[in-house]
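One structure is given below, encoded as structure tokens.
Which chain is which? They are A, B, C and D, in the order written, and residues in each are numbered from 1.
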Amino acid sequence: MKLKLAMIGGGQGAFIGAIHRIASRIDDHYELVAGAFSSNAEKSRASGLALGVSPERAYTSYQELIEKEKQLSEDERVQVISIVTPNHVHFEPTKLALENGFHVILDKPMTFSLDEAKELEKVVKSSGKLFCLTHTYTGYPMVKEAKQLIASGKIGKVRKVYVEYPQGWLSTFLEGEDNKQASWRTDPGKSGIAGAMGDIGTHAFNLAEYVTGLQTTKLNADINVVVEGRKLDDDGAVLLKYDNGASGVLMATQIAAGDENNVKIRVYGETGGIEWQQDIANTLLVKYLDKPTEIWRTGGGYTSSFVTGNMRAPAGHPEGYLEAFANLYKNFALTVKATIEGKEAEAVWLDFPGVEEGVRGMAFVENVIASGKSDKKWTDFVI
Amino acid sequence: MKLKLAMIGGGQGAFIGAIHRIASRIDDHYELVAGAFSSNAEKSRASGLALGVSPERAYTSYQELIEKEKQLSEDERVQVISIVTPNHVHFEPTKLALENGFHVILDKPMTFSLDEAKELEKVVKSSGKLFCLTHTYTGYPMVKEAKQLIASGKIGKVRKVYVEYPQGWLSTFLEGEDNKQASWRTDPGKSGIAGAMGDIGTHAFNLAEYVTGLQTTKLNADINVVVEGRKLDDDGAVLLKYDNGASGVLMATQIAAGDENNVKIRVYGETGGIEWQQDIANTLLVKYLDKPTEIWRTGGGYTSSFVTGNMRAPAGHPEGYLEAFANLYKNFALTVKATIEGKEAEAVWLDFPGVEEGVRGMAFVENVIASGKSDKKWTDFVI
Amino acid sequence: MKLKLAMIGGGQGAFIGAIHRIASRIDDHYELVAGAFSSNAEKSRASGLALGVSPERAYTSYQELIEKEKQLSEDERVQVISIVTPNHVHFEPTKLALENGFHVILDKPMTFSLDEAKELEKVVKSSGKLFCLTHTYTGYPMVKEAKQLIASGKIGKVRKVYVEYPQGWLSTFLEGEDNKQASWRTDPGKSGIAGAMGDIGTHAFNLAEYVTGLQTTKLNADINVVVEGRKLDDDGAVLLKYDNGASGVLMATQIAAGDENNVKIRVYGETGGIEWQQDIANTLLVKYLDKPTEIWRTGGGYTSSFVTGNMRAPAGHPEGYLEAFANLYKNFALTVKATIEGKEAEAVWLDFPGVEEGVRGMAFVENVIASGKSDKKWTDFVI
Amino acid sequence: MKLKLAMIGGGQGAFIGAIHRIASRIDDHYELVAGAFSSNAEKSRASGLALGVSPERAYTSYQELIEKEKQLSEDERVQVISIVTPNHVHFEPTKLALENGFHVILDKPMTFSLDEAKELEKVVKSSGKLFCLTHTYTGYPMVKEAKQLIASGKIGKVRKVYVEYPQGWLSTFLEGEDNKQASWRTDPGKSGIAGAMGDIGTHAFNLAEYVTGLQTTKLNADINVVVEGRKLDDDGAVLLKYDNGASGVLMATQIAAGDENNVKIRVYGETGGIEWQQDIANTLLVKYLDKPTEIWRTGGGYTSSFVTGNMRAPAGHPEGYLEAFANLYKNFALTVKATIEGKEAEAVWLDFPGVEEGVRGMAFVENVIASGKSDKKWTDFVI
């Protein structure tokens, strides 16, 4: 059984919408049957057509989509809605979709503001519907394994976290050159109060909390606008304190000229450490005080079901970003199906980011920008 | 428009069939509507059901599939047939499919024997249908770029080729332990006269000829059965001569204990070299006599359309094996669609392995096994 | 002509003294002829004996060494004194040596306190003698090349610096286990007010200022004592501001369980970046906005004289830590000899750390510890 | 006590002589007191002077050196002679030195021909003197550890060996450009019958036999002269059989444009494998059938005395080629001293290459060149 999927946003020329659709197809759990791909009717229809969506289900607004789909019979109407619009159009369609009985997959960061995020949390809970926030990096098998190993005590109590997300693509004033991605991501009206911190800082923040199982309690941020004329931060470094007493360093920048996207996390505990980076995504380094570092590999056969349940190719055949994204879609689908069938979802399936992570992510955005502006050294992480 | 796809083989529990299906879905050019997934009627139907194929199009033999589909109306019947059976069931279904007007995607190695391969080449040519052989590694963007760079003279006349394919999974007598993959791949009745040389040696051979644009003229092989009791070779090394005078070394083994699947190729010319390995698939090293080695990356923005036309994610988001496989499916689909629409296919689309590569691959199998048994040092590469 | 060398400290069982001696021997510019290896007369004599130093020149105190050597004839007495004692015995012997006409090589950090450092700066200047502080990492050819490239404008104006120095060896309470190195390095009476920050933080600080040519103006530090019972910091992270407006992150820790000593620096400018790490010391990555990253290698033939003048082995034969250390000794020797011979020292020779770097390093120690204790976010870097 | 050392060859401008001298100095076991650095009297004297050798012991021929030194009193005359001349001047001075009571360190390959090598073996044995052949790669701690691990059964019975030595420096006709190194290494009158095979093939051959403890029994070689006008081979690949039934591939080339000197060896056994390469010399990969690959490091604390006895710097401070070379000198010195003092040499000290390895190396040269010319596929490895 395939889940019937609709998409809000992601019309022709959009970037992340196409990624979501590939992610939805890889494991064949979804069938895209409807969409409000664009507020331009013609563009929405053309986008839908190219995607095999029938013209009458290529809507021109999310309101229309939700209203019309709701009127369809149960075996016809969509079950899951993917929302891939810019940040300022996250909250309203998600709320409406949930309140009208649809499960939702939403691109990060969750909302435009923390207030919206907290409101959305209530909506998710009251709606009883399932919700997934696409923090892609938590979809990588070896990121999941890192979390499992740390949770199992493999490296002892966590003491230190280094998480970094260096990009170089905004090293120049790209938003002045008719670059669609650069334009909305550096526009406070569309992205919110943060640039790099919202776009990639939230990923780094989420990755660190996900892998360690810890929660941030204080932060101390240096937030910069490096490129002249830019309206939002394009660089930042944050010192962190966690609820078990551990400390951390988060680096996220978009002006690391020549760098691409090599997200990396290192966690050190009392008896060992783990290290993962996206460029060699199928590898996890596991370190010890007095033994050789081990190279854990997705296909190694000694990993937990959080790896084996999230890979497709045999040992040594690399899987990457699209498969990590697909893992979010797949696990969400399996959970939705279990719900529909009244079965219990497995722990591996339930391991996708939800609304709590979204609230914490938006709290990070607001806290980190506030800290950046503050003369106070350490500020409490408040939600 | 999606192409209607049928699959022969690939029933529940099969490995490569599932990979082909993911590859067919990633870029949304195909819709799987029929299949002869198993000769067991119930299993074929169950497999089809799980894949969303209607029961009446889940056939129990390739003959039935081809016969019945042929009788359907043009806008209903399948257009492309993927064949993912073991080697001994490659030739007959492919021939039948082509002769009955279907385009074919076939898993490698192409046939059970060179004679079959040569016969199939005639069938492809006389049928006028399109044919793709899934030598996956040629689907990697950076493998394509390597070919383009060498063809453009970037490294001068090619002098030396090192190609290696080390696996360790057959280090023990796995075929004695009810392992399906090990069993058929080491069974002369299903794999043909070669084990490792047919399974992975053909990939290495193809990769070297593809990247360099050269053809093998002579070879000198050391072919071994290392694990006791095994019926086919599980290890081999081959010295090669190419038609421009270059020499090469091909290493393919399945007893490299602890190794996974890190296919690697290095080519050296008069003025530079290239190096690619699957473990860091989005990277190509380009070497020079008197300048720093360059790290070419898929998302770098300085590559040819053979890279940009074969990637989906933005810079620094790794794509892997499934995407390389998907590139074969995508390029084949674009070529089939161009043919259907009477348009000319672009060079990037036409860059998929075909029947000539299949014939050369089977010639490699027969030549390398013959060389392995021969006392003669160098034997001509004959087709 | 070899320079006659004496050593203060470095008796049997010491660690860094042995390293200094190897460094002094590699390029054959020194002859060790005297020493105050230990305050224990017997131990000093035994150490000297093992090193080929005649018993009458194996002194039992630095005072004795300086006094007695001074009385020897010019062609007999030592010309250079290496001081390799713990931090609290740096200032006095260095001062005495300089004031009595000896050139000095001193292990880092320069002194026990900033006051001593500033005092020493005056002594060096008034003495007219040459002084080298062994910040080893600036002896690596590719660190030197990074500095040269940045100075030449290769990456444009510097915007961001990441420098890290992760060690794991103090993850446990090693000073409780009769470990000589751990004991003095965690003892405020011997190391001063800082542990990790003095021991390795100073290296990272110096490396960043050396490579970029920038000076730190403000800092914001998180300084931690992680291991229970420890008396000095074993972990810290520091946000930095530089005099051109660039920002930086410095991470130095001794509780990164499983890590060894992989010092790493990344610098990003307007048009590119550089990256160097000790584990692959003969390689420098040079990054660009729109071209492939280049792998610069010591033996590549395209580097400046700061590389070719600081390597010994041919291309592809790795040199390491001891050779980097030897480069300090060699360049110091060449400078001393030039001085003796009344010649002008070449720029490559003069590229060794001196007393200004030492003062800045001690200022770092005091500033960073003060910042760690302060509630103020940013504190000025004061000397 | 330092051993008194003389050097034959290695005058100003020579390459390998300078390397030998650094190697001799690093651990302070030798004092260079005499030399026949050049057959040109003035040049020999000048070279000696620069090295601190008194003019009367800067001889103009090896004959003079040996004759004169022999006449000196026992506590004055040299004990060890290093011979670093081109290959055609290896046999005679070594023989003369041994027969006159000197221990000898000789650069590889051992002699000009296999006949000379066999003759030299007799001389070494009858002389009772110690002899070391500088196969540098066996001086690396992690190469030694690989040997120890394999000997201990860590990877089971060895099945497959890949050893490679790719260089690119002879990609052009460098010997036509007044390049001293290129000239003699490609001159049959100075190098013997082999070029690349003698220069670097012997290293690869020795490394494989050393690490595995196996002996080559058959070989099948493809030997090429790639660069037009060159008189000796600059490229070759060899298939090998070992005495336990294992097979191997040896690749040595000097026309791998853009490559430097990254010697690499991989050995696979029944239950695991090892992998080492010079570019990351302080690391050894240890592979298993069913466990994660381990990254063994020189400073890890879990290695044998063959590592800890052959390193100087603490964990994470890389040592390289010069230290590997120094290990040969150091172990030879410790063995010579033990002999002088009538003590038993430790196993770690005795682990340096000797005359048997030299004979096998020269047999490799002759066998591999003969095989290259032969139409016979496999030829026995004969001595």
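Please note the rule applied: contacts are C-beta pairs under 8 Å (C-beta built on N, C-alpha and C of every residue); 3 or more make two chains touch, one makes a residue touch a chain.
It should be emphasised that the depicted structure is a prediction, and the values quoted were computed from it without experimental measurement.
Enquirer: Is the C-beta contact count larger for A-C or for C-D?
Expert: If we tally the C-beta pairs in contact for A-C and C-D, the bigger total goes to A-C.
Enquirer: Taking shared residue numbers divided by all residue numbers at the interface, is the value for subunit A and subunit D over half (same) or under half (different)?
Expert: same
Enquirer: Based on the averaged CA atom positions, which chain is farthest from subunit B?
Expert: Following the centroid criterion, the farthest chain would be C.
Enquirer: Compute the distance, rounded to whole Å, between the mean C-alpha positions of subunit A and subunit D.
Expert: 55
Enquirer: What is the distance, in whole Å, between the centres of subunit A and subunit C, each centre taken as the mean of its C-alpha atoms?
Expert: Centre separation, subunit A to subunit C: 43 Å.
Enquirer: In angstrom, rounded to a whole number, how far apart do the mean CA points of subunit C and subunit D lie?
Expert: Taking the average C-alpha coordinate of subunit C and of subunit D, the gap between them is 34 Å.
Enquirer: Two or more other chains in contact with one residue: find those residues in subunit C.
Expert: 259, 293, 297 - these are the residues of subunit C that touch more than one other chain.
Enquirer: Under the touch definition given earlier, write down the residues of subunit D that touch subunit A in their complex.
Expert: Checking each residue of subunit D against subunit A gives 285-286, 290-297, 300-302.
Enquirer: So in the complex, which bits of subunit A are touching subunit C?
Expert: Contacts found on subunit A: 155-156, 159-160, 162, 164, 166, 168, 171-172, 220, 222, 224, 226, 235, 237, 239, 247, 249, 251, 253, 255-259, 266, 268-273, 287-289, 293, 374-378.
Enquirer: Sort out for me which residues of subunit A touch subunit B in the complex.
Expert: 2, 15, 18-19, 21-22, 25-28, 51-52, 167, 169, 259-262, 278-281, 297, 299, 312-323
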